[in-house]
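Letters are used for the chains, namely A, B, C, D, E and F, taken in the order the chains are written, and counting of residues starts over at 1 for each.
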Amino acid sequence: MQAGFAMVESGFTRAKNACNIMMKNLMDFSVGSIMWLLIGFSLMFSAGGNGFIGDLAFFAGKNADSASSLGWTFWIFQCVFAGTAATIVSGAMAGRTKFSGYLAYSAVICAVIYPISGHWAWAGLSGGSGWLGDAGFLDFAGSTVVHSCGGWLALAGAITLGARKGKYTPDGKPRAILGHNIPLAALGVFILWFGWFGFNPGSATAGVPAIGYIAVTTNLAAAAGAITAMFASWFFGRKPDVAMALNGVLAGLVAITAGCDCVTIWGSVIIGGLAGVLVYVSVVFIDSVLKIDDPVGAVSVHAVCGAFGTLALAFVHKDIGTEGYSVIGQFLTQLKGVAAMFVWAFGCGMILFNVIKYTIGLRVTEEEELRGLDISEHGNEAYSGFQIFTAQ
Amino acid sequence: MQAGFAMVESGFTRAKNACNIMMKNLMDFSVGSIMWLLIGFSLMFSAGGNGFIGDLAFFAGKNADSASSLGWTFWIFQCVFAGTAATIVSGAMAGRTKFSGYLAYSAVICAVIYPISGHWAWAGLSGGSGWLGDAGFLDFAGSTVVHSCGGWLALAGAITLGARKGKYTPDGKPRAILGHNIPLAALGVFILWFGWFGFNPGSATAGVPAIGYIAVTTNLAAAAGAITAMFASWFFGRKPDVAMALNGVLAGLVAITAGCDCVTIWGSVIIGGLAGVLVYVSVVFIDSVLKIDDPVGAVSVHAVCGAFGTLALAFVHKDIGTEGYSVIGQFLTQLKGVAAMFVWAFGCGMILFNVIKYTIGLRVTEEEELRGLDISEHGNEAYSGFQIFTAQ
Amino acid sequence: MQAGFAMVESGFTRAKNACNIMMKNLMDFSVGSIMWLLIGFSLMFSAGGNGFIGDLAFFAGKNADSASSLGWTFWIFQCVFAGTAATIVSGAMAGRTKFSGYLAYSAVICAVIYPISGHWAWAGLSGGSGWLGDAGFLDFAGSTVVHSCGGWLALAGAITLGARKGKYTPDGKPRAILGHNIPLAALGVFILWFGWFGFNPGSATAGVPAIGYIAVTTNLAAAAGAITAMFASWFFGRKPDVAMALNGVLAGLVAITAGCDCVTIWGSVIIGGLAGVLVYVSVVFIDSVLKIDDPVGAVSVHAVCGAFGTLALAFVHKDIGTEGYSVIGQFLTQLKGVAAMFVWAFGCGMILFNVIKYTIGLRVTEEEELRGLDISEHGNEAYSGFQIFTAQ
Amino acid sequence: MKLIIAYIQPERLTAVKQALYEKEVFKLSVTNALGCGQQKGYHESYRGVDYEVNLLKKVRIEIGVNDDFVKPTVDAIIAGARTGNIGDGKIFIMDLPECIRIRTGETGSEAIG
Amino acid sequence: MKLIIAYIQPERLTAVKQALYEKEVFKLSVTNALGCGQQKGYHESYRGVDYEVNLLKKVRIEIGVNDDFVKPTVDAIIAGARTGNIGDGKIFIMDLPECIRIRTGETGSEAIG
Amino acid sequence: MKLIIAYIQPERLTAVKQALYEKEVFKLSVTNALGCGQQKGYHESYRGVDYEVNLLKKVRIEIGVNDDFVKPTVDAIIAGARTGNIGDGKIFIMDLPECIRIRTGETGSEAIG
């Protein structure tokens, strides 16, 4: 999955920061894996602790294979989820974040922030109990637990950092800063689409027939998202925008993740399709109205569509009409989860990023930003030899 | 698979159309998935209907999981095949096709054209009956059903469209229009090679030992195709051509697809090897003699090598020498299937593309073509910031 | 896996040789597959023969499925390993090797050199006996058998070829020749990382719970390698170097390969972490002290870290403390294997490359080298249309 | 001798080269440039934000010629590049006091052709 | 007429364009260049080896102007490009005897603006 | 002052820079160009179709110098670039009436070096 995110983020941003993005995606998963081993997994999945937080039973990986009947397979699978939550943030903060600050917050996210909220919803997977999961909150593969968590953190990060230089005109109109390699971004989206077949069906954690069903809903939501996002950009903008269609795929995937096992077939098309429109509206809204600079649209894709998908599943659940299922009841439970995640992730994010800002430092200097993070932070060039218009 | 095709097609064409190709490969699979759900799957795999066409038992996905014991897994697997057939066309029509026309024909291919001919050969998979399959026609994973179908449609498209501006000199000599990113194309081929291990062994649709055997024949055919295509370009041209070797891999893969389960080990080497030479000859023939402009060689790779592989399996079948197997008999059955597919797919294609031509319009204006479809159709730039020689 | 290697090698070298690298990685696997079928598999895995070499029982693939209970699946899996050993070499010899010479040595490596030393360690997998394996030598998935073998051959190749023109100043100081596409290289590393989850857990050759454990050790070693290599470049150099961090991932992966099934969880972190530092030191040492020009660091990554990982597992083995396991004893056995591999692979390599040098020729002319192998060897351009600084 | 610099539309390069060959002007140098002229650029949108492209892609041609070749060369450029639309381009003509062929060391009019 | 060639820091291009617009100089051509000047370059390292980057990225601007526009143009370039640091760049001014608009065939002062 | 423009083979750039340094010419600007000269190009093939590459990759050097530096500079370029083969390149020398250093506002001979 990191591969996909790295490609998408890098493709959607400028050439002068491409190495930096690669490095960040590499490092958040690397640092995250170690943090996950040390403490994250234990906080999230130890059966001890209470409904809000696990204990340290699996500290430093001790006996972590006993958490689930799947043993270490469960651990590695969950590790990838944790890495995903962390990596979502990097996209929203691309092009201006100090690398050392980035390392710091990646570690904190995987060690503490993600595991705690994750525990609320998913502790049941390893025989523990989390207050959200116990309340009947449905999030099969992480629309809220993983994506919204990462997305709201990303929002906090983008706000704390401020916009890239030149993103807004003096009178506050947003300027387009074009991605440097759309084929790379498209490749990343295709990789993610494929990877999602690992994520979602994999969350069934067993070779049951459900896997086929989940793959179908996942696929249809992605397809619907691509189509509606394309038409949205065609209708509201001028022409069918490739970057938007690609975001539409991701929007559909993120939105269906919560309900991929429990919505109807056409429900998945509806969720994906609405997510595709939503992502367009949300990107434009955040960019032009809120004036928050999110270079790759991470907040719209992960936070907004993740929240949307989590809520929407209540209306297209397979069990609708069967006894014991109440649309309103389920919706309110879902809403509780979505709201809790927003408060937790956005709140923690604002604190975390501000702490970093006033200690390690969160943003590079203006000169470093202009020259590009590749050279100023890493002394590397992404495309040595290629002639790149260094000013546009 | 879409990822692979998108990369190959984009890499082999010009930078100014790279976004457009990505968009097309994204959209044909997205639109195709929805069409497949609506009607395609039903036409192909419903057991009702007759030997020529299924009925609407699974219309809009209703009960589509009952088609096969694999349930929805079968559906999604077949959906990828349908998407592949549609996406093959985009390569042959790269660089000059109107995007709205493209959307239209993608939908029709996945909804009607592919499912009908597919029904002929594969209806048996879901307990139905198709006239070709009943006649003993062998096409394990789609050399004819998928690849030739897409390939002949591509041929019809390329003919209807006409050549790209500048492809032929006034006196009819072909000019080389170089691909802009060979590493991207190579990556695409590697992804496809890998994906084929999903396609072919996956068509065994169960974890039987046959999977290992199929993986071996698939791999050897691809390897042999690469080698012979390289030597063909070395021998007939000047130097070992990278683009040709990459096409050779695809040629070998397409050719072995029909017989990957039933040919001998060395039979797979022979089929792949001959396909590698064939693709060279065919590319040159179509380009220089027929003067049809197929930018990525889709017709040669998919139609010609698909037909070849379907026929050739008769001569290297494992059962040769056993009672009840007749080389000539099998060859004639295969020939029937190959011919039927050509008539159907090419015929439908000519009708379809001409209808689109005189309604929605199939080709962009000359000015749009010169400027590149990325800007004229999508208002996007694939490689913003990179300095690209805009004329050569 | 070839995809990954092709991307990494191509990304780390110059644009003018990118096609050549793709072609080499394509061809070594293609030629290697055929050689493996013809003779390599038989020499390595036939149960006849003796402890030093197999016999020709499976010549030309006859009955090769009887080697193991996995049938042809075993064959294809081992074929990928053989291809990996061959492809490692291409990186170290990038930018100056004659293509025809390359084809020749690829064939010899897959047909003879790799299978013989492989037989020593792994003949037991197919019921045969190899002297190293019988001695208790542990190399689960090929740190030594595959990676060191390829790495020492690469060393012999780089020495025989000599440095690229302009790599060293007249007074012997190394000059940096920058990679042309770091995102591509990063993508390659991510693909390899992912592919390794096929390599290592796949070597368990059955769906046992061990697979989860192996995936965890593999992942942690890679993560640790990335982190330590990054810090090494930060500490000894100026800034956190992206190329080094990517090499660190590979170093960790290569090093853990031998012991991925038998080291402790933290043992894998230690092995990976040390490998990350080692690869930094080794790259600088080979470049600046030995003055051997290895453009992508293949010798450091595969030979040095492979040897290191094979030795190191003795110290972090899970069985430490249990009866019958002696750290020193195991270390000496490992050392024997590592040393034998060095002597064999480096020795064969020096002979092979010198034979080629004085027959077919191993190096292109200076003029061809300056112009780039893409044009001089293949008549292709990797990035047609892009403006590339042709001199720096 | 004169040095002629012309900015033309990229897609006219082939036609200009053709026209120059017919006038027996075989030597030229080409670079890529971005230009602002009367042609105003165009609007695009990227992920929902409009932007103006006002530096358009142009091709810059540089040709050193002897004085009697100035007119044919200029005519050829115009013949090849003119479409009648805004953005067709511009030609600058400058004095070129000296020219040297590196291989032979020849100078002046001999060197230029 | 004069042809003004200026080498500036890439990141100052927007400011220079702005300053030129204010002086009503609307036409210009831009290319990318590498330059060595007083600015000495910097050291980087790649995979453990140090290297010196001494050809730095610059933007080259070319503007053809009528004589009375020379001073405003030069002033505008300086206003937009100067930061006071080494590497700010340089302006060359050359004679431009002739200029032709391809579309209309106009020549001289009329053609340039 | 003179402005010297030279087109050379890309692979000779390092040698030319070296030779210029020895003559104490430290300032120069480099762009990439494509050129047609006596060197005729070469034939390649792509997927079975032959094509002619007749715009070859060249490096364009621009150096502003004081008059007494013209000869050393030209000599240095020739020393570094000449191999005796067709395609070695060409040098154009033009008058340069004015030169301004942006940082300091200095003009003329002082500004150039």
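By our rule, a residue touches a chain if its C-beta (ideal position, glycine included) is under 8 Å from a C-beta of that chain, and two chains touch if they have at least 3 such contacts.
Note that this is a predicted model, so its numbers are computed, not measured.
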Third chains touching both chain D and chain A: B, E
Equivalent of A-D within the choices C-F, B-D or B-F, defined by over half of its residue contact pairs recurring: B-F
Pair with more cross-chain C-beta pairs in contact, given B-F and B-D: B-F
Euclidean distance of C-alpha centroids - chain A vs chain B, Å: 34
Distance between the centres, which are taken as Cα means, of chain E and chain A, whole angstrom: 44
Chain centre separation (chain A, chain F; CA means) in Å: 51
CA centroid of chain E to CA centroid of chain F, Å: 18
Two or more partner chains touched - positions in chain B: 178-179, 181, 187, 237-239, 241, 243, 379-380, 383, 386-389, 392
Where chain E touches two or more other chains at once, by residue number: 31-32, 34, 44-46, 55, 94-95
Pairs of chains found to touch, sorted by chain label: A-B, A-C, A-D, A-E, B-C, B-D, B-F, C-E, C-F, D-E, D-F, E-F
Of chain E, residues touching chain F in the complex: 5-8, 31-38, 55, 58, 60, 74, 77-78, 81-82, 84-86, 88-95
Chain C residues touching chain A - in the complex, by the definition given at the top: 14-15, 178-183, 186-187, 189-191, 193-194, 209, 211-213, 215-216, 219-220, 222-224, 226-227, 230, 237-243, 245-246, 249, 265-266, 269, 383, 386-389, 392
Footprint of chain F on chain C - complex, ascending: 166, 370-371, 375, 379-380, 387-392
Sites on chain F touched by chain E in the complex: 3, 17, 26-31, 62, 64, 94-103, 105, 111-112
Residues of chain A defined as touching chain C within the complex: 2-3, 6-7, 10, 18-20, 22-23, 26-27, 29-34, 37, 60-61, 65, 70-76, 79, 99, 181, 184, 187, 374, 377-387
